[in-house]
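Order of writing sets the chain letters: A, B, C and D. Residues in each chain are counted from 1.
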Amino acid sequence: MLEPTIEVSLGEFTAAAASLAGLGPDFHRRGWVLGTSGNFSAVVDREPLRLAITSSGVDKAEVAEHHILQVDGEGRVLAGAGRPSAETLLHLAVVRLRGAGSVLHTHSVWSNILSDEFAVDGGLTIEGYEMLKGLKGVSTHEHSEWLPIIDNSQDMTLLAKSIEEALTQQPRAHGFLLRRHGLYTWGQDIAEAKRHVEIFEFLLEVLGRTHCATRL
Amino acid sequence: MLEPTIEVSLGEFTAAAASLAGLGPDFHRRGWVLGTSGNFSAVVDREPLRLAITSSGVDKAEVAEHHILQVDGEGRVLAGAGRPSAETLLHLAVVRLRGAGSVLHTHSVWSNILSDEFAVDGGLTIEGYEMLKGLKGVSTHEHSEWLPIIDNSQDMTLLAKSIEEALTQQPRAHGFLLRRHGLYTWGQDIAEAKRHVEIFEFLLEVLGRTHCATRL
Amino acid sequence: MLEPTIEVSLGEFTAAAASLAGLGPDFHRRGWVLGTSGNFSAVVDREPLRLAITSSGVDKAEVAEHHILQVDGEGRVLAGAGRPSAETLLHLAVVRLRGAGSVLHTHSVWSNILSDEFAVDGGLTIEGYEMLKGLKGVSTHEHSEWLPIIDNSQDMTLLAKSIEEALTQQPRAHGFLLRRHGLYTWGQDIAEAKRHVEIFEFLLEVLGRTHCATRL
Amino acid sequence: MLEPTIEVSLGEFTAAAASLAGLGPDFHRRGWVLGTSGNFSAVVDREPLRLAITSSGVDKAEVAEHHILQVDGEGRVLAGAGRPSAETLLHLAVVRLRGAGSVLHTHSVWSNILSDEFAVDGGLTIEGYEMLKGLKGVSTHEHSEWLPIIDNSQDMTLLAKSIEEALTQQPRAHGFLLRRHGLYTWGQDIAEAKRHVEIFEFLLEVLGRTHCATRL
């Protein structure tokens, strides 16, 4: 599907594909991307926008470089075999709104539970934890992070719009939850986005277990 | 025990045996097949029916190709050393009723707990989770999956009959639980069956932990 | 310390040492032998009794063949460097009373919790689980397994006597718990003892999580 | 930044750096140092004091020898590239007060939960567990370990002073918790400090899960 007239960033793309594939085994082992769920992306060019993203339906325990596609700013495939994830539009929305260099999406047990329990509030607050300092630009545990929760939908255009609204209203949010679905977070590069995944998943587990104990 | 007049699909069998053995280490690590529990099968021929299946009593952390037997449609061993699992009849029942290409059976902590807790209802409903979309033919998180729970028994002929009844009554079910025993699920091939195991085990953990919190 | 007049089973010993050391990484990863806790043994000769056993204070993540000692029926070191575990007497008691070929001792979170909670009853019953069928000689999930709980002590002679009493009173028990300490189980060989560890640890987790939910 | 007039223990340092880096993968896998959290140190010389310590912001899953810095008794970098952890002053305080040869700091889910829940008491007691015997100098499960909890702060000089006070008041403590932050523990060498981490993390999980059940 690669048109000869379209300039594709193959060097950047190859490096990004290797790094994205490298996330698979650890995330799969932790139960964050079971059942072929989750998807990972990284910007390989800004002008015009080129995104490396995992293709749909891949077992993340075995994701390899040839499972990574290159898409343009509308989500059309420029290089690679396979279908892009239906959620490519959501990755593109985050890239545009946050200037992110990488967007990672995981489905964990705790994000499913908390996104459901706090859906009525439209989000949840995480504050007072040292681990928050690992989020980009946060310098103290006294930081208060609002993690928006957005209702899940199969209409990706609608969902992308909901995400745009939430991120516009919450310009300092480092991630968001889709209800009964999972976490989206991002970073300036893959390493930072991975760090944010680990931080949010850790804090969601802390909150989930604390919350249970507190309500007793 | 291989009769020269019986045509055995050795090429298909070898490939299936390698794939089935490959499931062992990850499933064992997750605690889904501890204590030599669980068994894995794949169809290697339809006419006549030939099934590759793990032999009884094998440590799934170390399962190798030589631990996989080939059996016929009555569960008689055609190739390989060792006894076939007593549950071979259950695998064969699922293959016939669902046209499955692979059947996987796991014993997890959460399937034991939930199969006991919801036994009185004869099953449990899983709905509203994005992860459900990974089940074959499901296209929205709004899907409602009924997971039948069948009383455990050591009479395999009786148990196979109970399973046939449950699957006939629930033609859209993608799996079932045996009470205080574990999960059965299947797919058109081993990869799809493995995906279904991961999805059900994930969702059972989500439900188990949510349920605990909700009942507080 | 090896006396030339004592006949040592070095061939058997070398094989047993390799197998015992091989248990370390997986048990450590699961959190069953953290902080150098736990110890593993196997009989290498019956007449006179010779036992291969892990030496004291070894990190089970890195246990190697040279960390395994050979001791006689009184727990005196015949071969190998290092101190034998203080609990060698307990292993010897189990070998004598059960004719076990291997004894394994683990410290897990769930065995600590349940041995404390049910201490007042002197043990706990596990019944109705398919996983019980993996215990030697058990052929149905309807089996009822009584797992004795023995008060912990630093007096190993006293503790060995308590264990002898408990095992004599419960001739069909496949294991026992030391209160706030951990599990002992055994088998005719290392593979069977390992299977019993996995089965008991699995069932203790199921009971612990069920029990929590039930008391809500 | 290495001044030629300062004598640096490069042999000791290289060995310590390799050992510290070796802790990363297992601690990361267990979720004790996610999101680049945690830091590890070891004394490489006493007179004058020289400490090997992980540099700031390193992914502990991939920590290598070149991520380990050598600092002096004021926390100034003598060798290695990168910034020292802001918490270097806390490591130095522990080294001075306890004569520790290694200090390890982890961020686990259970240390976050329990340090918050028991903050009002200024610490928590752990007693009656066999696992306590793995702490240096403890010879019976009847030992009572007081684990102080210190309020978290971004002012490292202040925090070092709070730690000095707590450790002076509790001369037998083997570790302490920073509230909603994590565990500090130490040992005469890296192996002993690692053993103490495993013991405390194990016992915090036991307490956290027991406590939950007890309060029901």
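The rule we apply is simple: a contact is a pair of C-beta atoms (placed from the backbone, for glycine too) under 8 Å apart; a residue touches a chain by one contact, two chains touch by 3 or more.
Worth saying up front: this structure is predicted, and the values here are computed from it rather than measured.
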Of all other chains, the one whose Cα centre sits farthest from chain A: C
Equivalent interface positions on chain C and chain D, same or different at half: different
CA centroid of chain B to CA centroid of chain D, Å: 45
Interchain centroid distance [CA atoms averaged], chain A/chain B, Å: 32
Junction residues of chain C, two or more chains touched: 29, 212, 216
Full enumeration of touching chain pairs: A-B, A-D, B-C, C-D
Contact footprint of chain C on chain D as seen in their complex: 26, 29-30, 128-131, 134, 139-142, 191, 194-196, 198-199, 201-202, 205-206, 209-210, 212-213, 216
Interface residues, chain B side, partner chain C - complex: 29, 31, 34-37, 59, 61, 107, 109, 112-113, 116-117, 152, 154, 178, 180-182, 208, 211-212, 215-216
